[in-house]
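Next, two complexes with chain A in common: one pairs it with chain B, the other with chain C.
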Partner chain A sequence: MIKAVMVMNTQGKTRLAKFYEYLPVEKQQELIRGIFAVLCSRAENVSNFIDAESIFGPDSRLVYKHFATLYFVFVFDSSENELAVLDLIQVFVETLDKCFQNVCELDIVFNYSKVHTILDEMIFGGQVVETSSSEIMKAVEEISKSFLYPFLLCLSKKTC
Partner chain B sequence: MEQLKTIGRELAMGSQGGFYQSKEFLDLVKSIGEARSKAEEDRIVLGEIETLKRRVSEPDIPKRKMKEYILRLVYVEMLGHDASFGYIHAVKMTHDDSLLVKRTGYLAVTLFLNEDHDLIILIVNTIQKDLKSDNYLVVCAALNAVCKLINEETIPAVLPQVVDLLAHPKEAVRKKAIMALHRFYQKSPSSVSHLVSNFRKRLCDNDPGVMGATLCPLFELVSTDVNSYKDLVISFVSILKQVAERRLPKAYDYHQMPAPFIQIKLLKILALLGSGDKQASENMYTVVGDIFRKCDSSSNIGNAVLYECICCVSSIYPNPKLLESAADAISRFLKSDSHNLKYMGIDALGRLIKISPEIAEQHQLAVIDCLEDPDDTLKRKTFELLYKMTKSTNVEVIVDRMIDYMISINDNHYKTEIASRCVELAEQFAPSNQWFILIMNKVFEHAGDLVNIKVAHNLMRLIAEGFGEDDDSADSQLRSSAVDSYLHILGEPKIPSVFLQLICWVLGEYGTADGKYSASYITGKLSDVAEAYSNDETVKAYAVTALMKIYAFEIAAGRKVDMLPECQSLMEQFLASHSTDLQQRAYELQAVIGLDAHAVESIMPSDASCEDIEVDKALSFLNGYIQDSIEKGAQPYIPESERSGMLNISNFRNQDHHGASSHGLKFEAYELPKQTVQSRIPPATLASTEFVPVPEPMSVRESYPTTIVPSASSDAESTELKLRLDGVQKKWGRQTHSPATSTSSSTSKKTVNGIKQVDGSNTSNSSTWETYDSRKHVEINSEKQKLAASLFGGSSKTEKKPATGHKISKPSSHMVEKSHVRKSSMEIASEKKALVHQPPDLLDFGEPTVQSSDPPSVDPFKELEGLLEPTTQLGSTAAAATNSPDIMGLFTETPGGTHNKDDSDILSSLSKQPVTNMVGGATSTQVAQSSKGPNRKDSLEKDSLVRQMGVTPSSPNPNLFKDLLG
Partner chain C sequence: MTMHGMRGLSVFISDVRNCQNKDQERLRIDKELGNVRNRFKNEKGLTPYEKKKYVWKMLYIYMLGYDVDFGHMKAVSLISAPKYPEKQVGYIVTSCLLNENHDFLRLAINTVRNDIIGRNETFQCLALTMVGNIGGREFAESLAPDVQKLLLSSSCRPLVRKKAALCLLRLYRKNPDIVNVDGWADRMAQLLDERDLGVLTSSMSLLVALVSNNHEAYWSCLPKCVKILERLARNQDVPQEYTYYGIPSPWLQVKTMRVLQYFPTIEDPYTRRTLFEVLQRILMGTDVVKNVNKNNASHAVLFEALALVMHLDAEKEMMSQCVALLGKFIAVREPNIRYLGLENMTRMLMVTDVQEIIKRHQAQIITSLKDPDVSIRRRALDLLYGMCDVTNAKDIVEELLQYLSSADFTMREELSLKAAILAEKFAPDLSWYVDVILQLIDKAGDFISDDIWFRVVQFVTNNDDLQTYAAAKVKEYLDKPAVHETMVKVSAYILGEYSHLLARRPGCSPKEIFSLLHEKLPTVSTTTIPILLSAYAKILMHIHPPDQELQSQIWAIFNKYESCIDAEIQQRAVEYLALCQRGAPLMDILAEMPKFPERKSSLIKRAEYSEADTAEQSAIKLRSQQQTSNALVVTDQHPANGATSPISVGELSLVKVPSMITSENDTSTDLSQQNGALSNVDTQPPSADLLSDILGPLAIEGPPGATVQSEHNAISGLEGGSDAVDGSAIVPVEEQTNTVQPIGNVAERFHALCLKDSGVLYEDPYIQIGIKAEWRGHHGRLVLFLGNKNTAPVVSVQAIILTPAHLKMELSLVPDTIPPRAQVQCPLEVVNLRPSRDVAVLDFSYKFGTNMVNVKLRLPAVLNKFLQPIQVTAEEFFSQWRSLSGPPLKLQEVVRGVKPMPLPEMANLLNSFRIMICPGLDPNPNNLVASTTFYSESMRAILCLVRIETDPADRTQLRMTLASGDPTLTFELKEFIKEQLISIPTAPREAAPAPAAAQPTPQIPPNDPAAILAGLLS
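Presenting the complex of A and B:
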């Protein structure tokens, strides 16, 4: 099961945080700070895995990936495979990239709720439900379209 | 026109799919981004919170605006600030008709609330309605909220709808409904147990996404109950086969791999199903073999699948061909440059060596590389692997490495873990007691306050009990070497408290036992400790008790005791200590010193910590006294269970407990208070059996036995006293010798040269030696190889160092305990002959001086030899044995306390029955007891009574000591 997904930038600012088990806000912040401290102390060219038991309690692993100014962090338990989660991050980022064309840090901040929507399509209640980025895109587009529809309706009325 | 413009802008932003946010939000994000300090950021966010608070409470806010505010709240909370004032607005938004607004509302509540939040009750209704909506996007949003917000109690409210949705025409909905059901299962298995069959059904769903999602709950179900899912093996295998043959839609391909995530999940499930089941495993061999072949090992995801295959292979019933493929894959992982792959390789190796231990040897150098890698994660994983492959031949090297690493890190969590692993390995495989003590010393020195107190107790026990069954001199050597090392360590600054306690105890018990150190020297050291760590009461208490033991031994041996001036001042200080415990110890010390040799020997026999003490739990020795009292008109004692709950804390507690467990309100009226039956022989006598929790963990543990009978010779005491080993595996001394060790040894088993070694594994022969020698120059001779050799090849592939002599004896399982005795002959043997044993491929390690990497294996023995003489005479001193020294040790933690006046009366009457009451009051010990036992017992009883009465001990009670001093 996935325990948490976090995106933070290289300065330690949280850009996205989603915990699949409820944690009080203060605890969330503490964990994020703890993780950031570990992340920024890691050299380049080392593995993408960290033993997260000291931060997250027993049976937790952490996989992160560093893209430009952002760290993408997934925390999960032993029922997932580290390398696969690494690719899951890849899927997530690829999907973001498709969504925003050349995704950058600001896209994620400004389209906060859309990023959540994408993530919800991938991970549902802590389980990975969808791993195909085109399927995720399809679902997200459908949601967007449904938002757009009332405007079009309204617009056509006005112009007619 | 103005309106049209707005709509036009909305439309333009619509390309963002309605996720658009206003300029204000952009400004907020920007200003936070530019904030230079945390304080500045906080200021901005607090300002934003103020604005939002004002805005959201304005009347008639347009939905669009409201949505934006809520998103800003979410953002603010993500930054760690409290946004709870807005929760209710988020809840309101979920009621909205517009999908966009509703989704935002759901997003916000799932992020804000937990399943037990008060507001949930307001959402459940909306969720119910939304689950029935025609718009599947609304249903999806509601399902999302279901996962996060529904708790055990509200499951029934939404369960029927969720089950209906399992058959929804839209695959996205089916998928989410399954996950929601899975979530219910996780939260409360019983509430959905009748629906579990749905997961099986959905496995056959037409949509691969739904099928893939179903694997998540099935994985969990299988891992809790394998046997009910054995029938699915065939289905899983055929799905896996189809996936591997690319029968799924192209959309599921990822980096040219067909649906790798589904493959991984399936392999995980198969690993569970095939574990220990030959028949089920046989069904899997073909498909797993296929996947091994088809996997593209150049991509990350390909390797992920490969790794999962290895895990599967190592879990199911072994198949030689698959094991071979797995070994190949592992070697590819380990040879790779990627740290990720190395990590996975090490992990996979750890799994596979359980089945085929020989595989580790091919990879020894790679493993050593990983051990020295700067990457911490990799290093730790490697330590984990080493931990798994530790055996008696390589334990020294591995534990040394672990300790070095332990010293080098700051992460307390991991330090604790690695320390406990060191302890475990040392207990399990230690080649000698000396080595064990050395390792323990290191662990205590560097991670003293992190290790479990039990470890210290275990070590005390080891030192006290000794190791050799019939070999007293070995035991005394062990003790003297421990004393030596501790006296040495005491010179160092900043020793952890637990370690100091251990040191004090050992010095007290055995400091003067071998006659090497004078009593005044040891007592000097002990009072130094008490002075240097003056704010650690526990240590001081241990020190005082140790002092008492030393003096008692001196008196018993007929020597005159001269208290050092520093001890005297220390005692004066303790006699007036605020800690009643310390005070009591000091008074006891004073009392003991005043006694004659005979009495002292009875109460404080030397080296008696291991003697058993019998405890008469029924306190039958009090019968006479009770009879007397009853005849004089005292009320008989009424057992607690029959009492009607007056004045007795524990009784109240029981009621509380009862009330809590029955959960409901109590509807009957409370009974009228009955007349109090106050017994003359009050709960104090009971105290021992129902001792109430005491603040410090140690005191609970230790004061328990002492309260019973502080007599000098009851037995069960020492079992308690024996450092409470229950729960701790008693591995010490077993010297398990895993058969795996000898994979290499079997190759070199021919014995030559008439060395009659008992064990094949270490026997060497000249021919091997020669091959070894002749190949000496072939390979580069690096440190690493030496290390590798000692790790993998068994340590004895070395030669004539005293260390080898000691090693020889080690792995032979039948000489286990006697290694010391045989040692000398071994050494002779080893000096004559260099012993080499290793498989041919390990012969290439240049230098024969392999053992240089582990000095500790040498030291203890040298030490041991040095100690041989002085300790032999110990036997005479080690006389009769009782437990009292430890009893004193036990007082350490008992927080002293005052007690109520009335209780003390009762008790003081009790205490007038001194000697006769005591259980093992053998005639010889009576003198001592009369002066000591009852008082101590008394005070403890009082103490426990006080606690039972719920009175917090406050100031020292003079009465207590009046009793004590008679």
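Presenting the complex of A and C:
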């Protein structure tokens, strides 16, 4: 099961945090800080894994991917395959990219509701629900069609 | 999009982004929270658009880490909004902000149900998503049947059905007792015929959960899974959108192989052959390519295939093929693949005997120890540790030693412990073992626990041919300019005993040895001085003819320490001086230490993984087998050593080891006392084997096991050296109990869990018990996570809670069997009735193979969990403080022997126990004032006030005053805080002082077994 999805920037600011098991907000922040402290000390061209048990407790693993100014972090347990989760990060980012055309940090900051929508189409209650970024986009667009006004805005103009 | 066109929201986000620092940010956010709160108050004028905007703001603020403790009702109410944008924010924000037990959720159940059974697919999806993300009990009760219907409905689109599958999975995982899955095997088999890969992926996840719980019911799904895997691996009929970097849905492939790993074996020859062909194709057809994403995807599949091959215990040939592949992986450029290669090799070591093939890659693995990535270095260390045996121990341990100097600080402790264990376990010869440990102490003395150097002393004492060597070796180290204190200890002990063997060598006259040791004295702590004094006394005894000058020098030292404030040092000084002055009796009492009874090292016991060791024996093992009988004879020849012992030596009882339990003058006893003081574990009952039982608290759960387990150790230990152990291995007459040793320090884990709410409570080679707790007022909800780490089931699982009288605890049903690699969750409800420091105990047992394991573990449902920090104003504080005027509501005590710590550290310590420091209330900067509320069923919330006055000139004492409206609470909390201040946090708590029972804790009947047990443990 995927326990948490986090996006934070290289300054340690949270850009998205979704926990699939309820945690009080202080605990969430503590974990995010703990993870950031490890991530920011890691060089480029190393593996995408860090030891999560010291931060998240037993039976937890962590993969992350670093894109420009953002870290995408997924925490999960041993019932998931590490590389498959890493692929999932890639799918997530590719989908964001399709949605925002060259996604940048600001897109995520100002459109976090949309990011939540995309994430919900991909991960559901800690399980992968859809892995095809075109299917995810289809679902998101379908939603937006029924509410043309707001999403038209979204697709036509980026407001960074 | 500007958040669905919400300008106000964008402006707010920009404002927050433009804040220069955290303070500014907080100001801006507080302002916004105030604004939102106000707007919510006058609900009438609020348009749906505004509501939506404010709720999104709440989520944004929450994400930034601020607690949003209002407006939840607004979020929930948006769920019933008629339009999508409002409904969506309602659902999303509710699932982020509320936990499954939140009362407001109940209010939304009807709306959620209407959305699920309604016709609007978008609404169906929103509702399913929230239910799946939260997964509460009441949702399960009222919605599970509807969700099941959606999943099976042919009229539903895949978009909805895949969510229904996962929603059902979540409800089932969280509430297995409510969601009925009887008879689901046929439905699952039917779902596996699904063509839509989205639905199939979700169904496969659901199947994993069902099969992991009960594979027997789902045999009919097995051939279908193999078929799906075959279809994907051959890339037949896989739509383009599910092909990821050219790989047909790696996720579905991985999930399918996960399902297959929950079946113990595959009987049907056709299915088995098909599967092996597919696996073969995956193993052979995967190459490392340039594209990183493609690599990740293809190797995700490949590593899962490897896991499946290992699980199926394939033919030897396929196994060696796997090892060869892994060998290739650990040398590739791609760091992720190197990492997983090492991890999988380690896993492989555990399940099959491929050690020999893995050894061929030793050089490469050692190279990985120097990998730039610390994650990879850790995996390499684990693997080296796992693959080490007599044949390669020398190489591996020497590599570890070499690496130690350059290793990151965070890894050194683990590294040195592993090196020490390997050195002992597989030493080809004993002098090498001594070398290794001395090097470890030299390079990483801070990380060398006492048990490691005790063990060296034990070996040197028991092996005559080692003594000269060891003495010469430690002398070399002492000659170095900077010497670690642990090195001083071990050197002093060994030189005291054996330096006379070196007397003819240059620079090794008694005088020179003495001054070498003595120049270290000013640099060491009070725990080392007693060992030095013993060494001086022993050196003095060995000089023939007596050296007057040296004698007077040493006497002067004893003289000086006769008035030392440290009782241990003082006693030794007085006694040694008296003995020396008497002359002849000195000879007997200070004679060479007798051999230690041979027994298994607790260090190794700690580390031992179900080790069915081979014909190859390490030198230490062989030695110990030859020696047991010797040891007893030798000790018997020195009755003088035990002459003053109250225990008759002549009986030669195996348990009462002669001369070990002897007069205080004997250095061995001194050593034990001193170490008792050192590690602050006085609760240990005295035990036969000093050196290794001192380690008791390190190796096993200190207090609970202390009596039971040390007896047990005594027996198994005595057998350890003889053939008895081997014999019993061949003739397994009865089940062995507790031959399994925990991994990590159980006591430390307990103490860590007293401060935090999730973590590992216990771990051994088979089982891991994790805990996650939530505390609210006097209620607590703990979830025990029982994880089976192996590929065979763990059976006869039993968990009994020994509840102290002040708690009410209810453990949900614990299954009798935990399937391979599965984890079961057992919720445990706790209600605090009244204040007490007693501790609840989990009596946990299981069977793995022929091992019957039983452990008693303290549960972190301790006093401080029922505290809630509260900030009080000066007025509130002082009016309360004055109204609680004296005993028994207000108690004061001067506490001595406090662990010296700076004031901020003490403040942090209190805060960590949820006793909140109120800065500024006490004008004296050396004082701390704190407040907290205690929750119990009998009294609800009670305010507790604490004042601690410290003396900057003497940090080891302080005055503490406690006040609350309840005498028991005041007393218990005072004792609790005292315990935290005087003990080292990692050591087991001080023995509950006997008077405590006589003090006002009258609610606990003295004959309550749980209370007695808990009293024993605390």
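Quick notes on this one:
Going forward, the second predicted complex is superposed on the first by the 148 of 160 C-alpha atoms of A that agree within 3 Å, B and C clash if a C-alpha of one lies under 4 Å from a C-alpha of the other, contacts with A are read in each partner's own complex, and residues count from 1 in each chain.
Just so we're on the same page, contacts are C-beta pairs under 8 Å (C-beta built on N, C-alpha and C of every residue); 3 or more make two chains touch, one makes a residue touch a chain.
Small disclaimer: the values here were computed from a predicted structure and weren't measured.
Within the superposed three-chain model, A:Gly57 lies in touch with chain C and out of touch with chain B [touch as defined at top].
Within the superposed three-chain model, A:Asn48 lies in touch with chain B and with chain C [touch as defined at top].
Residue contacts after overlaying the shared chain place A:Leu86 against chain B and chain C alike. In the superposition on chain A, contact is made by A:Lys27 with chain C only, not with chain B. In the superposition on chain A, contact of A:Val140 is made with chain B only, not with chain C. When both complexes are overlaid on chain A, the residue A:Lys18 reaches chain B and chain C alike.
Judged by the document's definition of touching, chain A residues 14, 16-18, 22, 25-26, 28-29, 42-43, 45-51, 53, 79, 81-84, 86-88, 90-91, 109-114, 116-117, 120, 124-132, 134-135, 139, 142-143, 146-147, 150-151, 154-155 lie at the interface with chain B and also at the interface with chain C. The touching residues of chain A, when paired with chain B in their complex, are 13-14, 16-18, 22, 25-26, 28-29, 42-43, 45-51, 53-54, 79, 81-84, 86-88, 90-91, 109-114, 116-117, 120, 124-132, 134-135, 139-148, 150-152, 154-155, 158. Partner chain A is touched in their complex by these residues of chain C: 1-5, 10, 13, 17, 56, 59-60, 62-68, 83-85, 88-89, 92, 96, 98-100, 122, 125, 128-129, 132-135, 159, 162-163, 166-167, 169-170, 173, 197-198, 201-202, 205, 208, 241-242, 244, 249-252, 254, 258, 293, 296-297, 299-300, 303-304, 335-336, 338-340, 372-373, 375-376, 378, 757-760, 763, 768, 770, 772, 785, 787, 821, 823. On chain A, the positions that touch chain C within their shared complex are 1, 14-18, 20, 22, 24-29, 32, 42-43, 45-51, 53, 57-59, 77-79, 81-84, 86-88, 90-91, 109-114, 116-117, 120, 124-132, 134-135, 139, 142-143, 146-147, 149-151, 153-155, 157, 159. Chain contact summary for the complex, chain B toward chain A: residues 3-4, 7-8, 10-11, 14, 16-19, 21, 25-26, 29, 32-33, 71, 74-75, 77-82, 98-100, 103-104, 107, 111, 114-115, 135, 137, 144, 147-148, 172, 175-176, 179-180, 182-183, 209, 212-213, 216, 219-220, 223, 251-252, 254-255, 259-262, 264, 268, 300-301, 303-304, 307-308, 338-340, 342-344, 374-378, 380-381, 411-414.
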